[in-house]
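In what follows, subunit A forms one complex with subunit B and a second complex with subunit C.
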Partner chain A sequence: MFAFVGGARRSLSASLMLAAATLALIGAAPAWASEAAVAIGSLYEPQNLDNTAGAGQGINEAFNGNVYEALFRLNDDGSVSPSLVKDYKVSDDGLTYTFTLQPGVAFHSGKPLTAADVKWSIEHVTSADSKSSRKNSLKPIAAIETPDDATVVVKLSSRSISLPYNLSYVWVINDQATDLQSHEDGTGPYALDSWQRGSALALKRFDKYWGAKPENDGVVYKYFSEATALNNALLTGAVDVITSVQSPDSLAQFKDNADFTVAEGKSTTKLILAYNDRVAPFDNIKVRKALARAVDKAKLLSAVWGDYGTLIGSFVPPTDPWYVDLTKVDGYDPASAKALLKEAGYPDGFSFTLDTPNYDPHPLAAQFLQSELAKVGVKVKINVITPNEWYTKIYKAHDFQATLQEHVNHRDIVFYGNPDFYWGYNNPKVVDLIKQSEAAASVDEQTAKLKEANIQIAEDAASNWLYLYPQIVVSKASVSGYPVNGLNSQFFAFGIKKSAD
Partner chain B sequence: MLIAIAVLFVLLRLLPGDPANALVSVGADAAQIEAARRQVGSDLPLAEQFVRFVAALARFDLGASFVSGVPVIEEIGRRLTVTLPLTLLAFVSAIALALPLGILAAVKRRRWYGGLISIASQLGIAVPVFWIGILLVTLFAVQLRLVPSSGFPARGWLDPLAALRQLALPVLTIALVMAASLIRYVRSASLDVIGSDYLRTARALGSGYREALVRHGIRNGAVPVISILGIELASTLLGAVVVERVFALPGLGSMLLIGIEQRDYPNVQGVLFISTLIVLLVGFAADIAQRLVDPRLRDHAIGGRT
Partner chain C sequence: MTDIATPAAGRRLSPTFVIGLVLVGLNVAVALTTLVWTPYDPTAMTGGRLAPPSLLHLAGTDRLGRDLFTEIMIGARIALTVGIGAVAIAALIGVSLGLIAAFASRTLDDILVATLDILIAFPTLLLAMLIVAASDGASLGTAILAIGVAASAIVARLTRILARRVLAMDYVTAARVAGTSWIGIVRIHVLPNIWPTLIVNLALQFGLAVIAEASLSYLGLGAPPPNASWGRLLQEAQGTVYTAPFGAVAPGLALLSLVIGLNLTADGLRDIADPTRRTRT
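For the complex of A and B:
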């Protein structure tokens, strides 16, 4: 017996020693009390701090506009406005952009911002080893010149009407900064205070910020791997606001409770059934149209999201300037779906494999599609895969018949202008329209071209666009001033106010 | 150990997918994908990847994460500061619960509460650990607001009270599940002791029932229980994977899960390597503890040598 109790004591004292060792290991306590900061709960922890190296959407949520700023800012309402640029001029041929930088801007390390930093930052994204998904959109940039410290001249090889928009993704970083995967040196209203991998990232107000002072002293992003844990954290007051609610079931506990505010914004996340348009039978436009008509999308949306979310008739959400209501092009009509299948040479239907990502809402949507399409004689085999497999099998190898996927980006209709994209949609007219839209001389011209492209992809039923997700932010009632649309996963923290509960 | 490493390496590579995928996103072109594959080495032949991995391991170099670029050993060290206290505290609490209850269940097996303990422990074994975690959160965190529902303080153990508060529910969750299965072993070991000849002899020599049990019984009963404890401690470490997820704790388990999702091989291999090592060490420690408690096992070992 004595040996036994002694054993237990030993492990107890071992754990105490371990705790003491841990204390020593972590080092000095930060002077600032992060406990008083606004706590933002999120499911998307960044895996590193560099948005050109596979950090995931979490880094945009935490850092865009908060820690790093760009020449332009994509505002929460979808408009683009100058940020680090004070003023800019475009030459008549649209090929030379001259940017004048804001005066008096300093990096968190104290170094003043100069044109050389901007040049370095843009080249950081366009460089050979950049993994930025934005690299392609900056291809027209031929040269960057810095005639003086406050001026950046960008020369283009072809017109690029979206250049300011595309530059809103390019963080301006101190050109002397190193180890960007675990440190930062930006110009934003907050500086990184501490990052505890796997749980939290704390941002502290930067006192020498050139712009308007943030409404709070600092914010802490707290990360969760599970929606239930995140909701419980809000319920118990461990976080003040949740960046986006991913499951409608959990909304009930917040909706009818005066302690919480449920805000619905505008999302750009689309759930789509993407066919491989290269292979039979999906190379046949009639088959694609038939499948679009065979699915009662309103029923699917209400099954997944209840009263939330929006139906869409193409890839373009209502917040994009080139939105047109196309939901009637291939509205729900199982009878005409059957007729179209007969015309296409499939009077008895056919069967196909649907590669389905293993996380919500894809499995549910796949089952719904299976039962809807069975009614018109089309058999669906559901093949569940992980996101990583999806990338290898579908995105890279194009080895699939059809797949489900959520597309989160803003202004991403341009994917339909790339015949090499995974879904293999290739209509030369659309490719041309999208190319012309980028070379447009005015925003009106760009909008007109993209509207035309948008209508065309809908007429071609290029993919089966199921619905647009809702964007729901839930907070304590005492917290206000947060962004509700979260375009491109951004979550500007500087306006958040917390009144005493 | 070497076999474990090889099996681990091959099994990981059998998973479809590519670690380079974690580095690029939708919108990347073929050249960017190839560059990412070169960076993580997934474009090399498997055999070459394996040789490199073993060679690095021989220098005790677990490499750096593909995704975050942080050295694996550093990240594991940081995460062990959550997982080890969690496991050890849960282990100690489980023993503290299981020992008295298990012995009670054996000694008073004919009373109603003896039976109740047995039934409760059977139930505890049958219920999945995450479910107990969720129930405890709903009760103690959401309803009663006694402890935080999840997470770990930003300052970690610099804030020892907050850290302990955060660990309270996860520790309780693991301790309950572990105690449930321990109680069975303690009970059956105690039953063996109670029915044994030496105990009857001790009673015949004039000791009271209680004295005989404490003096002779517990030491004898402890031997089989200790070997079970070794196994249980190892499985607690693995059970922490699930519990850390439910409670959003930045421990080894969450590192493993994210690593698998992203095919971040260095992280996954590192975590599995270290945990295999810990499991082996625990088994070894349990062996030694058994010998300390039971002189017969010790004599046996010495006898074998001479």
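For the complex of A and C:
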């Protein structure tokens, strides 16, 4: 209740600073809070409202494309198209990008968008204290110039073919904005209405939006800590749509029911057993290959997801352009796993500690691995940890032998080109290929290089890629127009239509 | 009612006490059986995913195809191990502290009582969670220690009150005057007088410890997998409660049987220890 009151007061005082015309907006405010808003149920409440401050995947879900826009947009089908950029030119050497901004774009606070805001926003992501996991990808940016208010010139130190893609998660923020962890000032079709920590985040339509008007007046992201509660909320009509269903068992109640629509899209979320490739015995490629062959992943996938989901032989899902079917490289083969362990000098196996995040499906997967690996003589000690411990102990301190983790990002094979990443995979060939792919002159060349890198990490069994999650969106039958693929955990709300029940 | 006046005729055990003993006995028997035999290897993924109860799998299977009946049997062992361990710790710490407080000087007594009051005001589960968080990862040992320490405060306070009452008796004063050491007083006068009440309380604590263990495991702070704690089984069944409800019902019933059994046993013990209350049965 306190959070709600506080939130309302904050937005009111912010509104008072606006021009007189905006007073009309305040007058209309109660209408947005009405039942007309689309209620979106999710398990991923953001920790804060800044995607460079460790807010978690929930902030992408709520804000990407809805509240904040970027120069480019990653569409639901995986393509990248211009968003706040009207037009852009690349110099022949590929080192200078000249972006012309869309005219007539205003921030929610009323200030018009200028090139200075774009420069500030990019630097916000690349700054020293930014916790963005994609910071490394923007490293080639050497300088940003703003010759006039509508032009941004980005100078690179080396070619970066995926610059437009990488800019798709750089939110364009008002350079005067403060306290981004609990407020926003973006250019998107929705503005933040209120945020009740622990329960809901409401967005209302921004009437001075430069682009196409959203199909609804507003949306409310309602957060649940538990999947069963979320499903019940949809059953009882408390939410209109669930962004991603996390177990196949809850689908039964929606599937054969004409009141609901079940849509299966493509996800980029991978469950992986990541070794610390720096430490013995996981520095030994034979050990890693043995462990890859010792696990019947099809059985694990069906245990967790029933008939849903996809097996992958590497970190790359089929929606990435450099996907190759690598499931046969280290297919299920316990006999050869044993032989490889013997060759590696572990005829009697070994034991290791598996740091397991405490939420589904990790504990279940850990027990499955424990049972499977025991068959080839490898003993697993399961150590259950919290997400916070995972972040400090594993991601920051690299203090682990092996861990389970779900990786949600799209096009994230580049992590294998960073030897300082938590899993410590370091193959100079892959580091080089990923560097070259970025410096490629054409998309075809980039794709070819990354395919090669993809095959190499699979050959090296860099990690143990268990499976690719399905992406299942369930909604009331009266609701349509939502994205089904959930790339980078985005959930564009502007197309959602709600017809009368 | 009628046999109050004739205690020599032997006390008839109340039916609820018998039911309690049977339930506890059943759980103990199952727990002991698992030491030598279980229907399946608890980690063997033999059945299909979420198979319903059948003759092959009496309680069905979990998502990994493991036999739930086997896991529930082992769960009884875990629950009893934690219960016995925690109650032993609670008795050891609680009775010692309680006796010290009873004999202590006014100042020390005040400090101890204040500390105990703070500990008691602290929710048992929260205290246990703090202890688990402070130790290096959750294990069966930390769960036992955490629950035992949390329960010891209640035992200590009860012991202190009971011991004080005994110490105020004239015969204790007489013993003191006669030069009996305080250890002697504890052995001869205090313990024999307070143990019946203590046993009843420890039996109740046992039931609470079983629930606390299930709660900790439910939260992922109990014995790590693959220890088949009932709390963890409940947690794992939560997501599949619509398609395979028996996966949640079966461990729930098991937990219920042991806790009710322990509480009925405690009630029965209280009736025996305190004949004035037998009129109620």
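To be clear about the criterion, the second predicted complex is superposed on the first by the 468 of 501 C-alpha atoms of A that agree within 3 Å, B and C clash if a C-alpha of one lies under 4 Å from a C-alpha of the other, contacts with A are read in each partner's own complex, and residues count from 1 in each chain.
We take it that contacts are C-beta pairs under 8 Å (C-beta built on N, C-alpha and C of every residue); 3 or more make two chains touch, one makes a residue touch a chain.
Since the structure is predicted, the reported quantities are computational estimates derived from the model, not experimental observations.
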| item | value |
| --- | --- |
| First (subunit B), second (subunit C), both or neither touched by A:S199 | first |
| Which superposed partner A:N48 touches (first subunit B, second subunit C, both, neither) | first |
| Partner chain(s) touched by A:S133 [first = subunit B, second = subunit C, both, neither] | first |
| Broader residue contact with subunit A after superposition on the shared chain, subunit B or subunit C | B |
| Which of subunit B and subunit C A:F224 touches, first, second, both or neither | first |
| Touching partner for A:K299 - first (subunit B), second (subunit C), both, neither | second |
| Touched partner set for A:W120, first subunit B, second subunit C, both or neither | neither |
| Touching partner for A:S182 - first (subunit B), second (subunit C), both, neither | first |
| Touched partner set for A:Q367, first subunit B, second subunit C, both or neither | second |
| First (subunit B), second (subunit C), both or neither touched by A:Y275 | neither |
| Intersection of the subunit A residues that touch subunit B with those that touch subunit C | 226, 228, 385 |
| Contact footprint of subunit B on subunit A as seen in their complex | 1, 3-4, 7-8, 11-12, 14-15, 18-19, 22-23, 25-26, 29-30, 34-35, 47-48, 53-54, 128-131, 133-136, 181-182, 194, 196-200, 202, 220, 222-226, 228-230, 232-233, 235-236, 238, 385-389, 391-393, 395-396, 407, 409, 415 |
| Parts of subunit A lying in touch with subunit C, wherever the complex brings them together | 226-228, 246-247, 249-250, 252-253, 299, 302-304, 306, 358, 360, 363-364, 366-368, 370-371, 374, 382-385 |
| List of subunit B residues in touch with subunit A within their complex | 16-18, 21-30, 32-33, 35-36, 39, 67-70, 75, 77-79, 81, 84-85, 88-89, 91-92, 95-96, 134, 137-138, 141-142, 145, 148-152, 154-158, 160, 214-215, 218-219, 222, 226, 245-251, 254-255, 257-258, 261-263, 289, 292-293 |
| Residues of subunit C that touch subunit A when the two form their complex | 43-45, 49-50, 63-65, 137-138, 220, 224-226, 236, 238-244 |
